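Both complexes shown next keep chain A, but they swap its partner, so chain B is in the first and chain C is in the second.
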Partner chain A sequence: MTEPVLRIQNLSISYTVGAGTFQAVSDVTLDIYPGRVVGIVGETGCGKSTLAQAIPRLMPEPPGSIGAGRIMFRGTDLVKVPKSKMPMVRGTGIGMIFQEPLNSLNPAYRVFDQIVESIQIRHFRDLGLVKSFQGGDKPFDYSKRPTTSVGSALTKGIVPDGAAEQAVKERIRTKSDYRKEVLDYLRLVRINDPETIIDLYPHELSGGMRQRIMIAMALSEKPSLLIADEPTSALDVTIQAQVLTLMKDLIDEVDASILFISHDLGVIAETADEIGVMYAGRIIEYGPVDEVFRSPRHPYTKMLLAAAPRIYKADGSLRSIPGNVPNLSRPPPGCRFHPRCPIAKPICKVDPPPLAPVPPSDPALAPDAHKSACYFPEEVPGLP
Partner chain B sequence: MGRSPSDLIIFVLKRLVQLIPVLFGVIVLTFFFTHLDAGNICNAWYPHAGAATIKNCEATANQPILTQFYQYFINLLQGNWGASVTGVLVYPYIAAAVPATLELVLAALFIMIFIGIPLGVIAAQYSGRLGDHLVRIFYLSGWATPTYLGAVIAAVFVGPYLGLPNHGEYSTLAPPFHQYTHMSVLDALIAGNLPYTIDAISHLILPAAVLAFINMGIATRMTRASMLEVLPLDYVRSARMKGLTEFWVMYKHALRNALITTTTVLGVTAGGLLAGTVVVEEVFDWPGIGQYAYTAIGGGGSTPNYAGAVAVVIIFAVAVVVANLIADILYGVLDPRVDWR
Partner chain C sequence: MAATPPRAPAQFRESLGTFWRVLRANPLSFLGFLMVAIICLTALIILVAPHLLVPYGPQVNTGSYSRGPSWKHLFGTDGNGFDIYSNVMLALPLDLGIGVGIAGAALLAGGGLGLIAGFYDRPGTFGAAVSLTIMRLTDIFLSFPSLILALAITRALGIGVWETVFAIGLTWWPFYVRLVRGEVLAIKHLPYVTAARAAGVRENRILLRHVVRNLLEPIIVYFTLDIGTVLVTYSTIGFIGVASKYPGPQPEWGAMLAYYQGGGLINTYPWEVFAPGLAIFITVLAFSLLGDGLRDILDPRTRRAFVRSTASHDPPPETPALPSAGGGAAPGAVAAPFDPGGLG
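Presenting the complex of A and B:
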């Protein structure tokens, strides 16, 4: 089996607000393999955005802090990387698309200036002109860096063998080269009139257009992992569909693993290969999308699916899950879903159930492909 | 959207045209404030003059006020700004003093921009922590210092301690080159005289630093406040996500937006800077408009110079209006959402 691009192990994140501590993410373990799209779904406040922002360590620290666990990216534990060195990691293999396209672009700079920055950072790092993340045990050991810098190539160029000069020429880029590259990325995100759009300011663009620019910006870093944190949630339904179609096309075109965060089950169903359902900071069910949607093995997933509005449902009434999302400063003991769960038993109130494999409904799947954090997964199909 | 360079020219021209009625208003107000004064205006204008001059003056003063204003306005436009009691013409003196003050104010602004603004950024970056508190103590102590006290302390204690001159523009009274611009550093540079350039800069440091220190608070404070507004915004996070170091995130992405507010406020501080020059120039013997204002109103036991004082009021008013105009234009340039057409 290939190595996962990102391996999150037992990650716990808490926020300290005043005297209280909110356990936003508890004991989350997640592997993302190359080329896979992992969807994380859950209600507002279940910790999915915190999880997404914790990977490139973008959440504000303090008040946020990582209590335990590891975030292994390219052989390096990002939790142990000092905060001052995180800029070298960001943009190197991790791209991110944010929830609010309206505010995620800097109002003072043109589209070109914003995208070219990402390209330049990648370019400079590739050339070895700036210190950057290497991965592995010693992620910031610059001595092992290959000497491909423009400077060293120039000094070699004193010896007239021609090859070094050629290498330099290929590496030095002018503004028009950069412009061409930015235009390519704008075309990649299906912008019809890139020559005009490239010189506009964010306030002159529509929400959908801005989100396309954000996607182009993330892709221009050539990420091996793309984190999409609710990329369509803030958009109109029609624009949402367009951006989603674009995302689906790009998933096939771009050579990246994707962590797709959304509260919308439909969006996850359309995009993801695997789905993790989060509830109150924990992943309570995990498995291939079709498998989880067809035969959910956690009462919360089952009820969440039942609550999703469907236009063709026989009775017109909307279903909801009784009760409220628990307060994460005082989460209920045991299984966090037990106060709202119709099949809760005494043991559910004592010990939190582990995320354990359940027999998949599709015999073609691996026996550990589908996991559920419920003591009684066999009772779930019987729920209404 | 009108954001092409040709639109910018129109934008600036429009603002310049709007300046004309403002300046006319300033002149009207200055004239009537000084001429509607009760008592014998001629005695005020020429306190020690001979009977002939007084008689001449009274002949003018007995004319209708609008005729007087017309005469005054024409004279003003022609550069005939009157003379002091001792017969020193106001206009040539002011023409040499304004650049000197401009140099001092620009140097103070330079310090405010290149020290005051980064201090504001640091304060916002370390908001609520030691760095923030130190910066706030620094700018508040400047804010709370009376100009005369700050100037005297700098001239008497700080200057000698650091070995900086605290007197005049140059170490010699008359520099051995022609003063084209009447800005000490610039004139020395034009003459290509390096020792004099260094000498001029060392003379400039103390008064400019005092002026900047006293007015720094507004620049630092505004930068800090608007940075604190900008830093939690999503685009700052986007900039971090690109892999930019904290320095570029702060100074390229956050400060660029925070400056839009700071610039506007800096334009308004021009009045404060000019008011500061009156004391600072007198203390440091800087031959600028501030010192001229001080002597014109009879400071330091000099004979009051009515024509000079009026000229200073007009110059200060014009300076404040122009500073606001520059801030207005800069605002339009800095904020891409402002349409230039």
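Presenting the complex of A and C:
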């Protein structure tokens, strides 16, 4: 079995606001394997964005703080990495795409300058001109990437060892080199007429275009893990579909694992291989997307799927889950969903159920592929 | 860390062209630029070769007393027989230097402190303590009326140009601290700063490249307007009579105003007070107009708008897909062909 790119173990994150402490993420365990797309779905305020921001340590600390747990990224616990060293991991190690395409580009710079900054970060790290993070038992090894050019290969026999590499390191790329590379990335994110777009300012682009630029910026650093925090939520539906199509295409082209955060079940169903359903800071169900969508084994997932609006419904009604998301400064004891759960039993109010394997409906799956944090998963299929 | 790629001369020419187009589209700021350019050039000539523009020395008795404006004496003469035009012109380099110098020093000192105080204030760090110290010090200075404080310091140090400059400079920087810190606080929480951080950009570079670039526009506008304010403040102190002596070897507009309006002279010989007043007015106006123009040029949005509005005979490259944020779908985005470009 290959090592996971990202292994989150028992992660808990809380926010201290005034006198209250909000337990935004509690006891989350998650593995992301190379090349896999893991979707996290949940309501607003369930902690999914906090989780996304905590992985590259972008969450403001304070008020946020990581209470317990580990974020193992390629063998290094990011929780223990000093904040001043985190920039070495970000970008080339863990890339991120944000929700607000309208404000996520610096208004003062042209598209070219925005993307070049990302390309340069990767380029200088590749060359070893700038330190990238080394640590853990499996350090980020950028030295394996080819940095030699034809010129240095030719001179290698003549000049003493090391001098050629020094020459390569000192080789400064010209602006047209960068321009060519930026154009490549603009084409990669399917931007029409990149020669024009490259010289425009963000305010001259539409929301969908800006989000494509954001994606190009993130991809240009060739991250091994890409976190997409609701990348399509701020866009209107037609643009959303285009960006989603683009992301789906890119997932196959780009050699990165992806953590896809969304509140939209449809988006996750389209993109992800595995899905984690979050409720009130916990992952309450986890498994392959088809499996979870076909036979949910947690009442919340079941009701969430039933509540998803469809274009046409015979009875014309929109179903909802009764009750509200609990206040995370005083979460209910036991299972956090029990106040809204139709099959809650006395034990649900006392002990929080662990995320335990349930027998998958598809016999081809591994017996522990599908997990649910419910004491009575067998009762879930009977729910309306 | 990252050296920006060398700028091609073509791009420099392009920015120069943009600059010119914005100026052409906005006659008032064009006037501001022109006036500031002429004022600076005049000041330079007076410093280097005064005889080209100034016919008389500061304390030369021309032999005609208290005469109105004429071709020989453009702004007339005063009761001592001094040529007022010559005195006003000789005061220009000093007053201009004071305005630009004090405002510039305050911009650098106050702006730098403001950047530090605004950006490195994460609770529980050493920076937070520094930030707190800077801000309390600023508050102390701001709690005094700056003019009164500058007057008091000048009085304590003694009458003189440099004493006054020092006193005004000492009271001027806190405004920049507060202004810059406010801008930094607003900008550093914007999504593009977080996005830069997520891309692996280091904190210091985020401050210099992403934050400073975006506060440049309000700060430079404030700075150019402030040059006028400093000038007026200095003239006020000069008017009260604690900055410079007039008549004297180095004339100064504020002191001239004070001298010529005193003792009822303003009723009998109004042209005497008119000349230094006009000089202050024109200089302050020039920098105000310049400030407005600079704002238009520094902001990419207005810059582009001006470029488009004036680019009828040299049209910019076709920009097919440019709906604004609220403009709906982008045709370019809709029709994006499937074109797997491949990485890098």
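Heads up, the rule we're going with is that the second predicted complex is superposed on the first by the 349 of 384 C-alpha atoms of A that agree within 3 Å, B and C clash if a C-alpha of one lies under 4 Å from a C-alpha of the other, contacts with A are read in each partner's own complex, and residues count from 1 in each chain.
Here, a residue touches a chain if its C-beta (ideal position, glycine included) is under 8 Å from a C-beta of that chain, and two chains touch if they have at least 3 such contacts.
Computed from a prediction, not measured in an experiment: that's the story for all the values here.
Trainee: Following superposition onto chain A, is the placement of chain B relative to chain C best described as a clash or a fit?
Mentor: In the superposition, chain B runs into chain C.
Trainee: If we overlay the two complexes on their shared chain A, which of chain B and chain C does A:L58 touch? Say first, second, both or neither.
Mentor: A:L58: touches chain B and chain C.
Trainee: With both complexes superposed on chain A, which partner does A:T174 reach: first (chain B), second (chain C), both or neither?
Mentor: Touch status of A:T174: second partner only.
Trainee: Which chain, chain B or chain C, is in touch with more residues of chain A?
Mentor: C
Trainee: Is A:G91 touching anything from chain B or chain C once the two structures are fitted on A? First, second, both or neither.
Mentor: Both chain B and chain C are touched by A:G91.
Trainee: Applying the document's definition of touch, where does A:E117 land relative to chain B and chain C: first, second, both, or neither?
Mentor: Touch partners of A:E117: chain B and chain C.
Trainee: Touch test for A:L219: chain B only (first), chain C only (second), both, or neither?
Mentor: The answer is second: A:L219 touches chain C but not chain B.
Trainee: After the superposition on A, what does A:Y201 contact: first (chain B), second (chain C), both or neither?
Mentor: both
Trainee: Between chain B and chain C, whom does A:P107 touch in the aligned arrangement: first, second, both, or neither?
Mentor: both
Trainee: Indicate the residue numbers of chain A shared between its chain B interface and its chain C interface, in ascending order.
Mentor: Of chain A, residues 56, 58, 87-92, 95-96, 98, 100, 103-109, 117-118, 121, 201, 203-204, 214, 217-218, 221 contact chain B in one complex and chain C in the other.
Trainee: With touch defined as at the start, can you tell me which chain C residues reach chain A in the complex?
Mentor: Its residues touching chain A are 1-3, 5-8, 123-124, 190-192, 194-203, 209-210, 213-214, 300-301, 304, 317-325, 327-330, 332-344.
Trainee: Per the contact definition, I'd like the list of chain B residues that touch chain A in the complex.
Mentor: Counting only chain B, the residues touching chain A are 1, 233-235, 237-246, 253, 256-257, 260, 334-337.
Trainee: In their shared complex, at which residues does chain A touch chain B?
Mentor: Against chain B, chain A makes touches at 56, 58, 84, 87-92, 95-96, 98, 100, 103-110, 117-118, 121, 125, 201, 203-204, 214, 217-218, 221.
Trainee: Please give the residue numbers of chain A that touch chain C in the complex, ascending.
Mentor: Going by the criterion above, the answer is residues 56, 58, 62, 87-93, 95-96, 98, 100, 102-109, 116-118, 120-121, 124, 129-130, 172-175, 178, 181, 184-185, 187-188, 190-193, 196-197, 199-201, 203-209, 212, 214, 217-222, 236, 238-239, 242, 249, 253-254.
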